[in-house]
Amino acid sequence: MLNIGIVGYGYWGPNLVRNFSQAAPTKVKYVCDLDSTRLKKVNNIYPDITTTTNVNDILNDKSIDAVSIATPVSTHFDLAMKALKAGKHVLMEKPLTDSSEKCQRLIEEADKQGLVLMVDHTFPYTAAVQKIKELVSNGDIGDLYYYDSARINLGLFQHDVSVIWDLAVHDLSILEFIHDEHPIAVSATGISHVEEQPENIAYLTIFYKSRMIAHIHVNWLAPVKLRQTLIGGSKKMILYDDMEPSEKIKIYDKGITLVDDDESITRMRIGYRSGDVLSPNLDRVEALSSLVNHFARCIETGEHPMTSAESGMRVVRIMEAASESMAKKGEMVSL
Amino acid sequence: MLNIGIVGYGYWGPNLVRNFSQAAPTKVKYVCDLDSTRLKKVNNIYPDITTTTNVNDILNDKSIDAVSIATPVSTHFDLAMKALKAGKHVLMEKPLTDSSEKCQRLIEEADKQGLVLMVDHTFPYTAAVQKIKELVSNGDIGDLYYYDSARINLGLFQHDVSVIWDLAVHDLSILEFIHDEHPIAVSATGISHVEEQPENIAYLTIFYKSRMIAHIHVNWLAPVKLRQTLIGGSKKMILYDDMEPSEKIKIYDKGITLVDDDESITRMRIGYRSGDVLSPNLDRVEALSSLVNHFARCIETGEHPMTSAESGMRVVRIMEAASESMAKKGEMVSL
Amino acid sequence: MLNIGIVGYGYWGPNLVRNFSQAAPTKVKYVCDLDSTRLKKVNNIYPDITTTTNVNDILNDKSIDAVSIATPVSTHFDLAMKALKAGKHVLMEKPLTDSSEKCQRLIEEADKQGLVLMVDHTFPYTAAVQKIKELVSNGDIGDLYYYDSARINLGLFQHDVSVIWDLAVHDLSILEFIHDEHPIAVSATGISHVEEQPENIAYLTIFYKSRMIAHIHVNWLAPVKLRQTLIGGSKKMILYDDMEPSEKIKIYDKGITLVDDDESITRMRIGYRSGDVLSPNLDRVEALSSLVNHFARCIETGEHPMTSAESGMRVVRIMEAASESMAKKGEMVSL
Amino acid sequence: MLNIGIVGYGYWGPNLVRNFSQAAPTKVKYVCDLDSTRLKKVNNIYPDITTTTNVNDILNDKSIDAVSIATPVSTHFDLAMKALKAGKHVLMEKPLTDSSEKCQRLIEEADKQGLVLMVDHTFPYTAAVQKIKELVSNGDIGDLYYYDSARINLGLFQHDVSVIWDLAVHDLSILEFIHDEHPIAVSATGISHVEEQPENIAYLTIFYKSRMIAHIHVNWLAPVKLRQTLIGGSKKMILYDDMEPSEKIKIYDKGITLVDDDESITRMRIGYRSGDVLSPNLDRVEALSSLVNHFARCIETGEHPMTSAESGMRVVRIMEAASESMAKKGEMVSL
């Protein structure tokens, strides 16, 4: 049984506490938050959990194996470093930190201490994204041509980071998971509609060495909520609509075919193909539950996390490059 | 009564013939196409129309007032120049020509001859786009914040022009129509998935001097057909879905409000507002019918066309810049 | 080559003329309508077709093999009887006539003369309904449990027949086609919202000897257009949405399973099953084109029509019974 | 502060406990259930609530003002009668009881004791249904023409009552709430697809003295979940789709108009009207929270409950009549 301390009880913290409490291999011993009214809620629901406003109570407790941190991004690095130095395994809310350099230092510390450092990218643990990875990996989709995502709604404007760090991070973590190839460059554009605030709309194009391209559209100022991803391949194409209650994924047996044609030397003949549409049944296990159990298994067995700190760092690096490109009005920034 | 000659009877030509035939002020005298099997179809349906494979039959006929051209883009300039020199008013299929420089020369010729040169951008004549313009012009939307469009489907791959010239042209013509401000720069990215063929996916970001941004996503290799445009303003937001059979436009009384707050000097307070959604009733007149009648009126009254050659040239200039930016992987190109 | 005369050039007539003109084995020689302005339209589009306001011009022409009738229901019987007596094969617009007794007399006359008498129930010739029949026939669906259809919109109010005869006829013809079993009774309810006019809303329940039930909801006074049919079986279930532009049919591998359970002697255990959803690719041949070719083949080969007069009569009999039940506020009427 | 005892902690009980706990005027003192593992869940979440398997612990406690009962239907009457005799106000899960005669006896007992007896019909407390009532009451809709509802999904098969008692009860309670007129008769049909089990599909037509008609379609064996209600009026029509996350209600300014026309003496001329569609903003208060607060206010002020026992009895009477009609294959049963 692993003893867990949860740091931060804001938006995501309650989900962490609930899932770590329900998971067989873990037990939540502490919840820490600076806001004592939040801690009272913990006391009401989980009378057995100790609450504290001082994170050191957790770090100094030798019986604690791991901490799960869900605090504002700016605090990620310091808290994680402290926890690692105190010998605790760390599950860090996304994004891992606010700079790839800091990510690197955390990774080095975790390596030195032989501790698990995992980032809480939740989407790779959903049944939908796992099905997509399966379709990509087993060749059903063929060569990956594009990943195109719209992740927009009337969202909470954040004051310290742009919409990229809030929403595009999800697509970047999905890309990390489903596509083995690492991107080579980014071009991004965006705009802020509120003075002196970070961009609330952004568009990212991600370049690869292969014929793959990725594009991510994020927006905090949209009248409708869209979570719509198209994945095109040489053989099949996928529509992944996370707002659909049941048919989240549709696989289209549709595309083009190239026809060799002696008579048309100058132009390649392109044919069109249209087949069935399949919406596979997906299991309904909560993604965070799988993630929490995976974290426990990594601690217990030494297995490398699926959403490793290295992967978290690559995502941060793309967001850094995208921010730089956005400041340069779309100029490509190499990775 | 204006006598009309139609040049080109491929995809769009039949619609032109039908609408010019039904319009009160015009009469179709000729249809010209190089393919005589196409001309036989004309003969079957319209026994009174003279068909020819030689465009000079039309240009040399003194009784002809105007020609409507719907041929491949590469032929636009020569045909239009010939027609203008022959003293005919010209309605040109979009895009006006394949370069802004050629557009400029046509405009000059039309001016010299005192002839109407109009481009067949159809969308500004739809009830949906006219309603959007009305909402923008009368201030209902407030300051324009963004225009975001996805125009994708499994479309006919073209061999001479990229998807920008085929699909983005529609959004650019809508932007020309609804927004008075001219864009100042473009950043575009894209990719081709078929060797030695033009890009079949492209993303355009269009910059303005104001806080407005436009983004256009076009794709010939998508499993589903989307024609979805979001228009955000400081007061209201619009969802324009051209695939909807009846409720094409939804106006959301939704957005953010900025709150002056003495206690929060360092950060502006952002509030969220959510009101009714209105889908206005739109009349169902065919857009091309309105366009054809407008063309006739411009000839008869000297009124300047709503979709003027100047507007057509600006659209071409943006597509030239976008193509240049796309070749430079997103680097901004000024207009 | 079969020579065809078309009688009636209102809503449906133009589709008949177009399809009989394009079909290889048929040639349209006459179009007859009492309204001469309609006939002028025929002359414009099809200069080779003879038009007339006198149906006898067609019936007296020995070269005419068959007539296709698309006139008001009240005229169906007389026109068909005249045509059969004149030795012409007949394709009759749905419903076959306005009473099953008249249908019977037409069938007898056709038999006596050895002529084809076919009813123009179009839906059985659509790719969607043919796919449904295939799924039912090959056992994929299992035992048929229910057919539930909503066919509603703001439709043209008719003055002589209720909404049942206008809209429910489509579902009844689909049921005839996909389900071998004949219904045994009907219960129907409905109401008219305009004084002295026939019912504009109706609900039909159709009983079978098996565990199958059918329900049809038709409405001329609905704000939205629905064409939605659910077909439940013991193994799979189908959603057939005719308003969907491409994915008209979805096959759900979903249902209940009965579990034998010793401990629960008094109550049968019911389990729930949820699998993939498949939307099969459907070809896009126009249904009326298949129908017209089938009619020609029946004339030429003596093949019995898929939508035979007998089937048309059974549909009329159900509508008679439903009208009677509706007058009795739902009381079951046997067939 | 009112002290509340909750009886039954199955599907609905947890919602009752949560809402009564959060409501300002009420405090949950007891939760009773025969299943002690369920009670343990209560202990974990609400350490202050006393749990018991003996309902008499609640009824004998003088400090308890009211009980909220959410147990199987067959137990409703006995539990409610006991509670009323013990001097407790009662909030009863729907349906009030399994027979109108039992409802009557409970109403008489509550009257005798001067206690509040209210039925937990939740829908009248939703923002959507309240908006519909407002539109009906203020005349916006005009005369009510029809109420048509489809409430279907792959639902839990119940062994003691048909799908009518499980699902149609919701529509009947909505009709009670929005339409002042009481129905006069019912015709119902349905079928069971599992031997010796109650009907899992049913269709109800409800007749009124006016030109209003209601129809309810309920089904436990549907592959998709529909909660779709159409409400037609002489002036406007409503589409209420409870599965829509945000635009649950759409008001269509659409319908027919009757035209006086001298030339058409024999037939009334019907015109068609099509205007805007409005989706009003609805507040997002949880319906059960409003219901619970209303229950408390009724106890404190003597106000008559909006979802009174009388209304609950009328709903039960319609379901009894519908069950009787269903057994008679649709024969109308008067109310």
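Which chain is which? They are A, B, C and D, in the order written, and residues in each are numbered from 1.
In the analysis below, a residue touches a chain if its C-beta (ideal position, glycine included) is under 8 Å from a C-beta of that chain, and two chains touch if they have at least 3 such contacts.
It should be emphasised that the depicted structure is a prediction, and the values quoted were computed from it without experimental measurement.
Hopping across touching chains, the smallest step count from chain B to chain D is 1. Comparing the contact residues of chain C and chain D by number shows a mostly shared set, over half of all numbers used being common to the two copies. Once the centre of each chain is set as its mean CA position, chain B and chain C turn out to be 42 Å apart.
Our note on geometry: chain C versus chain D, Cα centroid distance of 39 Å, whole angstroms. If you average the Cα atoms of chain A and of chain C, the two centres end up 53 Å apart.
Counting partners per residue, chain A has 250, 274 as the residues that reach two or more other chains. Remark: chain B residues 247, 250, 253, 274-281 touch chain D in the complex. The touching residues of chain D, when paired with chain C in their complex, are 145-146, 148, 150, 152, 154, 157, 159, 185, 187, 189-191, 193-197, 201, 203, 205, 207, 211, 213, 215, 217, 219, 221-224, 230, 232, 234, 237-239, 250, 252, 254-256, 258, 267-268, 270, 272, 274, 325, 328-332.
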